[in-house]
């Protein structure tokens, strides 16, 4: 526990300090104007206090110059605040390429997390320091919100879709994880920790926690048992249904003329509501699996389909030591969306 | 309330002049402006439903067209004509009141009421048809949930639901939710309008309104025209979706 | 008519609006806007105390990090109901339905509002909404948060959502009818010579507020209906399993609820304009800028709702547009603050209680408004969303802003309303206590929020305790401070010093008729030939600091 009263939480992500800097700017401007106006008010109230009961001061109707001054200056200051906030926000909410992915499912009143390499966690998230981490999140019931004050980021988790959150931790330690969207009885109990470790310790932790299948492997089993192979092929090569191998990241042509990019949300929707976005060239014969698969199972199916490559291979999940393309400073090979 | 004796400025004007207005002109202006503002709030209220309609029609165009095709376009068109005619008779009633022609005024008000009731009667017939075809959404009617018979290819039975390509029965139910919500809210406003018309007829027979004081007729006329205009938007949006010449 | 020295003060009548008729029926069936204002005053004070008790329970629970005073389900109901009662049954009607109803006809020289019976109807509708909501509270309460987010409220909550929603739905019509009445009155019933730019700024603010009331309230009405439908009939509008969108609810809800916060603050700003001008004996600097900024705030308020959805999966680009517009809507408020301050320059300031509230407002509203800028700024809002920073921000505006204006206005116009003066010493003392208590309650919450304490938590990590203890201590001081006016206003009705027509010696139209006024407000319709805050005679407008003597008071 700290013996002095802090003003800001620990700064533990790459954009924590950026948010703090903007916060201090905003605080400074607020303090300045509050003190200025208070001081002027106090001064006027004393200097121009009523001295005789019937005095009437000279009326002044206004001044266009002053009005312009105190419209333009606040407007300009407001625009700086907007611009700065927007640019940091873009950073906060643009998930990077080649991030280590973790799937998060919130439910009343706990967080279930699963690493792409299979490790499951409840209310805790172990991550290595200095790596970009992308969380792909949803909820089984009501809206929750994944909030890590030390990283200065949060995002709602919404039923029926995936939302993403990303961060890169800069300091090892244990940081609060809060649910920040009221979700019922035990909303204040839906807390946990994000534990940031050195890469080596994280690797140890990973190997010490093996035993569960990766989401992709579990998804592969589901793919067989649910009968997906009968239309989409044993390895996603297609048939009566569209090809799934290599589909992730591509743009699909829909029957209503629009296009859609294949991301986690689209894959999930195609399983729960296949008639919503029908691909050109295929009839509306896929049955819905709404209610037959849980959010956890959907995450596994999504992970499996993401891993499918043409030719029957699967793309491995990145988790352990960073591959060469993840070295800081290296530019990603694909265009940024 | 203080008596008139102590209020030196109180003018004994038209018997319908309310005590807080200076003259009939001010009273009429206030009443009319009040009704216009009330209609603006009604636009915002109906606007929410139009928004829901726009959203879901955009998402499920085929289902909405299927639901729309099943509506009785003849009855809908007749109702549109009935309402437009009723707006005409209402406008004439206002005119006749303004020029002091008592018999035509009452006649036009009664005609408006009859046309309004005709609209409601035809609407009741339409609603009954939906009930018979099991198209009332959800479980609003106990014992008669949403469960229409879906027509197969080639079946031309008008009581069955013909689904267009890519339409699903669930989304057709959404169409009917919106149909009943919007036409139901509209019919509710019509019923209130009918009640207001009855008030106008009774008081017209008592010769309450004259060229000096006719703002209730004018103001209720505004309300009636608004209800008519809402229908003029509802009819094409609900009844005329996806109807091409030659297709059902 | 000439300014204060030379107009004729009417003889105090034996008969005024209070004693014109006796009996419960004459009050419950009144068409007099002044009596209706008092009916509203009594009812909103009642609801304020209910909301206040809920606040007390919240602050008691939060003294300790553990959830040990209330069960979590109870706590969830308490904060939900605190919000619902305070927003819908206190703040939204407060100034418009009491001070607005009482003063708007008087300030424009009219005998009543345009539609007196609709005015009475709006009070009964308010009561009906209140009764339905109280029934819901007593039957078991509601625990969804005042924001009713789906799908928790539609599918998961086991509380009286529909009943509460019905109460709020009904109450909304009271708002709509009040706004309608005000707009028509201001347009059509101004006395001869009362042009738009001679209107007191209180009237401009209420006009802008009424614009928002009539355009925004129908949208919350339909939103609540859809919510009720969804909950009862499982239509699927907000349920993703049935193809619906839970975030759609948030858009619909905030499309009204953001303009609603301006319904709560604009009337208070109107009161502040009156207080600043009248207690410094100077016309408001930049009158037309202040008037137009009220209208600008009303218009812009409809364009910024998305700033409540920055972390709710709204697209990044929509977020940017809403952020930009949210900064823009702050500018007219800033203009007002500068104009009020400039008014005080070379003026003649008295330290009466209403002026103390006005000065407190300016300071607190500046803090509240500027902390709003933190939330308009996307990056910072991501961190601050759903934390105590938000709670502190809106309480600075609602309590530090709206409530201060309401109390200041009540004190200012109390002699006109009741014919009695409140005790000035107690007035100043409670204003000070409220100011200190308020800041102690809510300033620590800004810090707790940035440190990460989420809102709607009934148990929290121990490192936040120090802020919560300070906050609860402040709340007890604030509660004590607010109890005092309740007591001395009632006391003054019997024992307060009698007030004459113009106890503050001011030029406003409402001061040219007795205190309390007769039922028809004015014996003769005034003919207005002067500007809103015209203290010095127009021909002496260039002369500085001349002393004038009051004309001898008529016997």
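Going in written order, the chains are labelled A, B and C, and every chain counts its residues from 1.
The working rule: a residue touches a chain if its C-beta (ideal position, glycine included) is under 8 Å from a C-beta of that chain, and two chains touch if they have at least 3 such contacts.
Because the structure is predicted, anything quoted here is derived from the model rather than measured.
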{"item": "Contact pairs, highest-scoring chain pair", "value": "A-C"}
{"item": "Distance-to-centre winner among chains (Cα means, whole assembly as reference)", "value": "C"}
{"item": "Whole-Å gap separating chain B and chain C, where each centre is the average of the chain's CA atoms", "value": "36"}
{"item": "Interchain centroid distance [CA atoms averaged], chain A/chain B, Å", "value": "47"}
{"item": "Chain A: positions in contact with at least two other chains", "value": "276"}
{"item": "Junction residues of chain C, two or more chains touched", "value": "243"}
{"item": "Set of chain B residues in contact with two or more other chains", "value": "59"}
{"item": "Chain A residues touching chain C - in the complex, by the definition given at the top", "value": "1-2, 5-9, 15, 18-19, 22-23, 26, 29-30, 33-34, 37-38, 40-41, 44-45, 48-52, 54-63, 66-67, 70-71, 74-75, 78-79, 81-82, 84-94, 108, 141-143, 145, 147, 149-150, 152-156, 158-161, 163, 176, 178-189, 191, 273, 276, 290-291"}
{"item": "Interface residues, chain C side, partner chain B - complex", "value": "15, 20-21, 105, 110-116, 176, 180-181, 183-185, 187-189, 214-219, 221-223, 226, 233-237, 242-243, 248, 252, 518-520, 523-525"}
{"item": "In the complex, chain A residues that touch chain B", "value": "255-256, 275-276, 278, 284"}
{"item": "Complex contact set, residues of chain B against chain A", "value": "59, 61, 166, 168"}
{"item": "Complex contacts: residues of chain C adjacent to chain A", "value": "67, 72-73, 76, 143-145, 149, 151-152, 155-157, 240-241, 243, 245-247, 280-283, 285-289, 311-313, 316, 319-320, 323-324, 327-328, 330-331, 334-335, 337-339, 341-342, 344-351, 359, 362-363, 366-367, 370-371, 373-374, 376-383, 385-387, 447, 450-452, 454-463, 466, 505, 533-536, 541-550"}
